[in-house]
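First up is the structure itself, then whatever we jot down about it.
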Amino acid sequence: MNMNIGLPDLLLVSPMIALFLASLVPITIKVLRGNQEQPALATLSQALIGLVAAIALLMVFGGPGQTAFNNSLIFDGVTQWMGIIAMAAAAGSMVLMYENPATKGRQFSELMFLAMNSAVGMLVLVSAVDLLMVFIGLEMMSLSLYLMIAMSHEEKLSKEAAFKYFVLGSVASAIFLYGTSFIFGATGSTNLLGFMENAQRLIVDNRLFLFGTCLVIAGFCFKVSIVPFHAWTPDVYQGAPTPHTSFMATAVKTVSFAAFLRLMATKSLIASPNLLDILQWLAVITMIVGNVAAIVQNNLKRMIAYSSISHSGYIMIGLITTGVSENGAFGAGSVIFYLLSYAMMTLGAFAIANLMERSDSHIVNIDDLAGFAKKRPIMALCLTIFLLSLAGIPPTLGFFGKFYLFSAAIGEGLLWLALWGVVNSVISVYYYLRPIVVMYMKEGEADIAQHSLNATMVTAVISAILIMSLGMVSGPLFEAVEKSLF
Amino acid sequence: MTADAFIFWFLSLITLGSALSVMLLANPVYSALSLVMTMVGISALFVTLGAYFIAGVQLIVYAGAVMVLFVMVLMLFDLRAELQAFSRGQISGALKLATVGALAGLIGGALLLSAGNVAEPSMAEAAKLPPDASKALGIVLFTRHIFGFEALGVLLLVIAIGTVALARAKGGTHAKH
Amino acid sequence: MPSTDVFTTITLQHYLVLSAALFMIGLTGVLLRRNVIVIMMCIELMLNAVNLSFIAFSKFSGRIDGQIMVFFVLTIAAAEAAVGLALIVCIFKRFREVNIRFFEHLKG
Amino acid sequence: MLLSTIVFLPVVFALVIALWPRENSLRHLALGFSLIEFILSLKIFQQFDPSSSSLQLVEKHMWIERFGIQYFFGIDGISLWLVILTTFLTPIIILASWNSIDKRVKGFHAALFLLQTAMLGTFLAFDAIFFYVFWELSLIPMYFMVGIWGGTRRIYATVKFFIFTMVGSVLMLIAMIYMMYLTQEALGTMSASLLDFYRLKIPFVGGTLLSLQSLLFFAFALAFAIKVPIFPLHTWLPDAHVEAPTPGSVILAGVMLKMGTYCFLRWIIPLFPEAAEYWAWLFLLLGVIGIVYGALVAMVQPDVKKLVAYSSVSHMGYIIIGLFVFNSYGITGGLYQMLNHGISTGALFILIGMIYERTHSREIARYGGLASVLPIFTIFFFIVTMSSIAVPLTNGFIGEFLILMGVFEKNPWFAAVAVTGVILGAAYMLWMFMRVFFGPKGELVSDEHHPLHDLNAREIGVMIPLVVMIFWMGIFPNQFLDWSKASVDHLVKNRSSYNLTIKASGSHDPQALPEEAAQ
Amino acid sequence: MNHSLLMAILLLSPFVGFLINGLRWRKNGPNLAGGIATVAIFISFICSVLLFVDLVSMPQEARRIAVTFFEWIAVDRLKIGAGFVVDPISAIMILVITGVGTLIHLFSVSYMHHDKGVAKYFAYLNLFVFNMLILVLGDSLVTMFVGWEGVGLCSYLLIGFWFTDREKAAAGMKAFITNRIGDAAFLLGMFVLFMTFGTLNLHELNELAPTVAEGSWLGAATLGTLLLFIGATGKSAQIPLYVWLPDAMAGPTPVSALIHAATMVTAGVYMIVRLNAMFIAAPNTMMVIAVIGAATAVFAATIGMTQWDIKKVLAYSTVSQLGYMFLAAGVGAFGAAMFHLMTHAFFKALMFLGSGSVIHAMHEEQDIRKMGALKKYMPITHFTFFLGWLAIIGMPPFAGFFSKDLILEKAFASPLGHPLLWAAGVLGAVMTAFYMTRLMALTFWGKSRVPKEVHPHESPWLMTIPLIVLGFLSVVGGWIGIPHVISAILPGHPANILGDWLAPMLKVPLSDAHHHLDAATEWTLMGISVVLAAISAAVAYQFYVRSPETPDKIAKALGPVYQLVSKKYLIDELYFGAVINPLIRLSKNLWHHVDVNFIDKITYVLGDLVRGGGSLVRTLQTGNMQLYAMYVGLGLVAILSFVLMR
């Protein structure tokens, strides 16, 4: 056993260490202050500094394709990009937490502590190539999240959401682990790099491996809410406080896809047409279910939840592309790029939802947006940009995300998936337009939060600007992503 | 029938039986006790498989710690046997059973036919694997899986603080009405 | 001959099927029981089934990593149980109810 | 830099308007801006060489290298006039909507300029994805224009408009991506440049829908057909027109529908020559059905605006059949008819807007005898009507005549059916004219409390340029056609192996040279 | 003087008049407006005369003044210039148009004196003349078509001049749309010719026309000319598109005189004459033209006999007379057609103006049953009208006699003719004599039936002068086409000046180029028609002056037949019932059932499908987490069983 673990490994995992250490700061201060909350802004800044540090360290030390701790962690382009996206999205969500009535105020330090450790879990997840590490990362992230949701000041729905998420998440974990055990049985290892060369042979010959892979995939599908493993998503997204929903929809989804991507990068799909087919069907069904269900929603968050399901379907296209192509960089790049755009626009959309919430138990319906454009023209414009971007209308970033995704799919001959994708984006236009219609074209007095929400608005504006401007320079950005992979 | 086989069948019977009672018994306290029984059974099975350390941990962590938690919570709630242990809805019930049946059939079938699918015993490692593998386990755990181990530590810390925080939260376990 | 074999020679498959049976029992419990605490127990059952599977594989393939996995799973399962029970207590305080039927406010 | 300036200057205008602090001088500012833009677009004539069929005033930079997507503007005889049409109509629209847009004035003008950018970009972009961005972008301001400033059923109309158009364009996007891969196969590197697309030889098998070229053809054609719109994909148009505010209708009819027909000419016909040839019958048939159907349905509309909307369906049918006969007459006529329709239908919508401002009704039955009350208005309306029904010496005649001639050359039977549109066109327009303007005064006209005032100086000022254009284009069509002749001839002659070169020399723009050298 | 300048002045002078009056339509009073308009036309007339003089001075074969101002449309092979040509045929036309036009303008000054829109009226009238000049001078079918539609447009405007009356506005619309039907065919005809011969230039077309008669109905020349002829039926009010002309009488009476009698309606005939070589090459077309012409001549005359509106009678008479012209053209007697066109322009304009004078005097009363004995109140009008009457019923030596006689002779004798055509022509002439006499009798002669409150009076000199001039022309107009048989006994007078003038432009029927009747036959034919017409006139005089009750008796005796004829054979009703109303019903059905209930329905159904799917998902999302867990299980089952397949 070659066990030389040293400084390089520690440097590689330094983002996680830094983030963990940073997470201890607010809670320690709280303890030292005799269980008194320090000013929330201080807590937030500490958290953000931690995240920024993590991003910085990730960029500095996370070289291309280095592994750490005996191949259980890998630091490559996927890790870096996905990590950065997740950390940025988490940071954005934390800013929302700072101003949401259901999360701000008391216990903000604890909340930040949990959120940051959830982010640590994410960093583990994005760098994990060992299914064991994936599991640890997943659990670290999820368990913190369950607690975060349950800690909401809102007392009814958030509890229910947390519990639902918990039970279903645990079942999914069990399924994932069961699959891992099969893979372990079949290969003698849980390390993806360990059986990567054999994966294509095993998936054909070895039913144990095949089933194990399927079960693991099911576990991932649950996390990224692929139909029919999606059912928790709308309920939890709706019940959780808006910033947490944003956290889940952006950061959690990103890192879950990162781990999923690692599995897909074993290229086992190339050898298994059946698996390929079923994944394609899952992607298609996910897009359809997410979109048609979103059409009939009135609750803004629930609508975005369903739309998030459909976006998972789009991203699945990219994953499948990665899985079937010899050099998966294009597909993986498109997935990362899509997640980047998706995280930004979803974060923005939730920021606006945050803006609308007046109390910790306030439910925001789409019709409440009437008159919003008059009252807050800039915010309305931002929401418009987010929604159009979600719908994939050029020249927003969302369009380019879809463009790369579909290009990758077509490049791998998955034309019909791309076709389903665009058909669905037409369906999605219908419900993405609805809030715009209500905002601009219906008369009404939008009831928006009275307290100051500057940070939320700044988040929204930054997201909107990035969505519009990154669209223009998406070419170099995408190339940078693609080149850094594999 | 060898002793091994007998022990296996005996333990499986106990384990499965108690697992079924966890699932079937209406009174949650009985369920909990059956679960303890299952844990013990599984622990014994671990022993038959040569994982002595794990068997011990299993007993301590599960039968000891986790189950105590469960029972405590049950006591806290002061629950009696439920009138309806199972969800209503015959169609959904049947569907659920069918689902589980189908899943069991698929996985069980795959496992039964999996004889040739298991990884070749790794000669190098098998040679090193002593009858009591605790030491080897420790070595592997603190070398190859050191990061996971540390991460686990972090996780436990987080959970500890998190549950306490939840308990103190508005509407949490200590919240007043 | 095979019939006696099945009973006398305990192979990997025996353990695997046993673990599968446990897993399915656990899953059935999750699907059908109404008491949230029992559901939690069933989840533990599923995780134990997984552990059994790992150990069996570990034994029969001669790799110790399976035991490591179980070690981790055990710990995390315990943590999960703690979180789950905390949530249950939390819910019970709010709803005065442990019947799963009462947690259906979020739907549609 | 000229084309880039022309395309993107309106965005700057939109921003300035959005940030302009004073509400009352907003319209003047917008009018000034639009005039600057128009004058700037006239500079194209100075630099454009009508004798060349090449792409001119080219600006070409790599945008997304990975896919060979370029920032690629160029102009040739086919797009030239549509660009001018767009910049010409904008000041008129601003002037026409001086009073009718009374809420969110700022937003309206910003949207208008944004829309102008999108439309100009559509006409000038020569890279598939670059083009697609403009194409889709044009939906958004229009969507808001109808949705915010529109009539009572505006939301239904605008969502219908958006989704209909979107349906077609997404398939086009897929086809574009597919073609980019085809360029990769054929040329080694991926390219989204239209000029590279032209070089492709896409396999075609007659008799089946499933050959590659046919599939791509239909993927593109659907997008454009919805935009045009071709029967039976037209139902969004009447709704959108009726609900849109006057300027929205004008833009929609004047320019946006042309985006569809222009793209047929720019994309479909040269890119898929065999498929276009093979499926021409379908488009001729649908075009002819559109002509007759649109005219018949227009005849029985109770709402003036809806009548004009259906007349657009009819007129666009002419353009389609003109393009799908692939001869000089048809294509020249089609191109000319695009301009005509833009001017005359635009003018009709402006006029309807003017009367709507006065009476707040568009119901034909409530009018009557308007001619004796509003004589100047009547004169303008009559002139525009004449243009619309293609009376000689107005612009409409040239277009229709050439189109019908082209169609006749290809297939006399289609021409024979299409020519009924000439009759029906006169029938529905004059019948409407009679019911609105002649006869005894209707309830709206004779209302004592609301005496109607004839057009004021501003409104006359709006109409004069349009009327001048109607006659100018009718009497001196050659002055217009000469600029397009080389391009159209080039297209007609080399349709089966069309390609477009970039004009390298003789450019007046000194900056253009190094750029082209870099290519 | 420079020809192109002359031509430009000729064309633009009315246009300038139009612009002045059009732009100042609220300010220009009747005298100023009328003055401008009349002068404008008169300038054109002078130019016409100058051009005519130039033309005469040229050698016979080279009589052609062609001017192209600019290239109008040039696409591929199609090269149409703004080219105008004065040759013997168009020279006659421009003289008639500007000459008669000037007179009618002059008449209008007084006639429209009290109308508020007088400047507008003159503007339209000038515009009409402008377009008419383009029509006749255009050197290609397309330029001709410009005028062709332009005059239709002016006709529309002038018929609906008093637009507050919905009936009148509708009449204008009817005229335009009916014309459009013809125009559509005209367009197709142009295309046929262009695709075959590669040009639309009239001169070139005539040159290129096949020299051998086409037998087929689908030959280019036949099809093209047939379609052009359909265009002509629209413009020149022939069966089946004549229906607009009677209604067109809704316009001011001078308009009827100018447009619906003298000039515009003859455009169809003129077109055929212009393209005579092409038509000659298509004997089938010629046959159709002749038959339609003859049928129209008779048919319209029968209706004319039953009408009570003075202008309607004249209108049907016009239709009938136009039928004669087509009959002439159809038998290849293009010269005769032109001749009759010209004489008809004189006498019909005269009669329309005369009727205008009467209507003016009767305070807008048009029903001849309320007139009678106007002779004493309006001597000049009566006298000139009387001359017109003689001319139209074909009494020698009045203008109508010569032209009509020439037509009848050709119908009988031309290789394309047929005795039946001649017979129809004679029948028409007989009926013409009857209804014209009836008109004279009821209006000017017999007993006065004028209501007491109306005091008829002679019109002012501005109105009577044109009448006198036209009356003079109605008398002498025919003398330029005196047949050889007559000139033989009238020494000193040259025979058939017009025929010789036109000869170089016209092609004679292909077979038998030098066919001549012998004098006796000619005399006989002449005699038959004149005598029959005279008898008919006498009978009518007897009926309507001597014993006014007889007609009623006859009408009663004829019963339904009379009713049918007096209701114009119910053709309008037929058109409405069989074509227009079904079309409108169809359109409504298309709108409701195709657009609203089918195409939109599909989109709604698709939308509902999506929404239905959404609702389904909603119902599956019950909130029960065990069910969710079951979905997970089901998904797992699906994946596992799917990967096991195959």
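In order of appearance the chains are A, B, C, D and E, and numbering begins at 1 in each one.
By our rule, contacts are C-beta pairs under 8 Å (C-beta built on N, C-alpha and C of every residue); 3 or more make two chains touch, one makes a residue touch a chain.
The shown structure was predicted, so the numbers you read here are calculated from the model rather than taken from an experiment.
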Partner chains that chain A and chain D have in common = E
Neighbouring chains common to chain B and chain E, by label = A, C
Which chain has its C-alpha centre farthest away from the C-alpha centre of chain B?
-> E
Would you mind telling me which chain pair, A-E or C-E, is linked by more contacting C-beta pairs?
-> A-E
The chain whose C-alpha centroid lies farthest from that of chain C is chain E
Work out per-chain C-alpha centres and flag the one nearest the whole-protein C-alpha centre.
-> D
Starting from the mean Cα coordinates of chain D and chain E, work out the distance between those two points in Å.
-> 38
Centroid distance [mean C-alpha coordinates] between chain C and chain A, Å = 27
Euclidean distance of C-alpha centroids - chain B vs chain D, Å | 70
Of all residues in chain D, the ones touching two or more other chains | none
Would you give the residues of chain E that are in contact with at least 2 other chains, written as numbers and ranges?
-> 618, 621, 623-627, 629-630, 633-634, 636, 640, 644
When you check chain C against every other chain, which residues touch at least two of them?
-> 16, 23, 26-27, 30-32, 40, 56-58, 60-61, 63, 65, 68, 72, 76, 79, 83, 86-88, 90, 94, 100-101, 103, 105-108
Go through the chains and record each pair that touches.
-> A-B, A-C, A-D, A-E, B-C, B-E, C-E, D-E
Residues of chain E defined as touching chain B within the complex = 624, 626-627, 630, 633-634, 636-637, 640-641, 644
Touching chain A in the complex, chain D uses residues 63-67, 69, 129, 132-133, 136-137, 139-140, 143-144, 147-148, 154-155, 158-159, 162-163, 166-167, 170-171, 173-174, 177-178, 180-181
Would you pull the chain C residues touching chain A in the complex into a rising list?
-> 16, 23, 26-27, 30, 36, 39-40, 43, 46-47, 49-50, 53-54, 56-58, 60-61, 63, 65-66, 68-69, 72-73, 76, 79-80, 83-84, 86-88, 90-91, 94-95, 103, 105-108
Partner chain A, residues of chain E touching it in the complex = 607, 610-611, 613-615, 617-618, 620-621, 623, 625, 627-629, 631-632, 634-636, 638-640, 642-646
Could you please specify the touching residues of chain A with respect to chain C in the complex?
-> 132, 135-136, 139, 143, 146-147, 150, 155-157, 159-164, 166-167, 170-171, 173-174, 177-178, 180-182, 184-185, 188-190, 234-236, 238-239, 297, 302
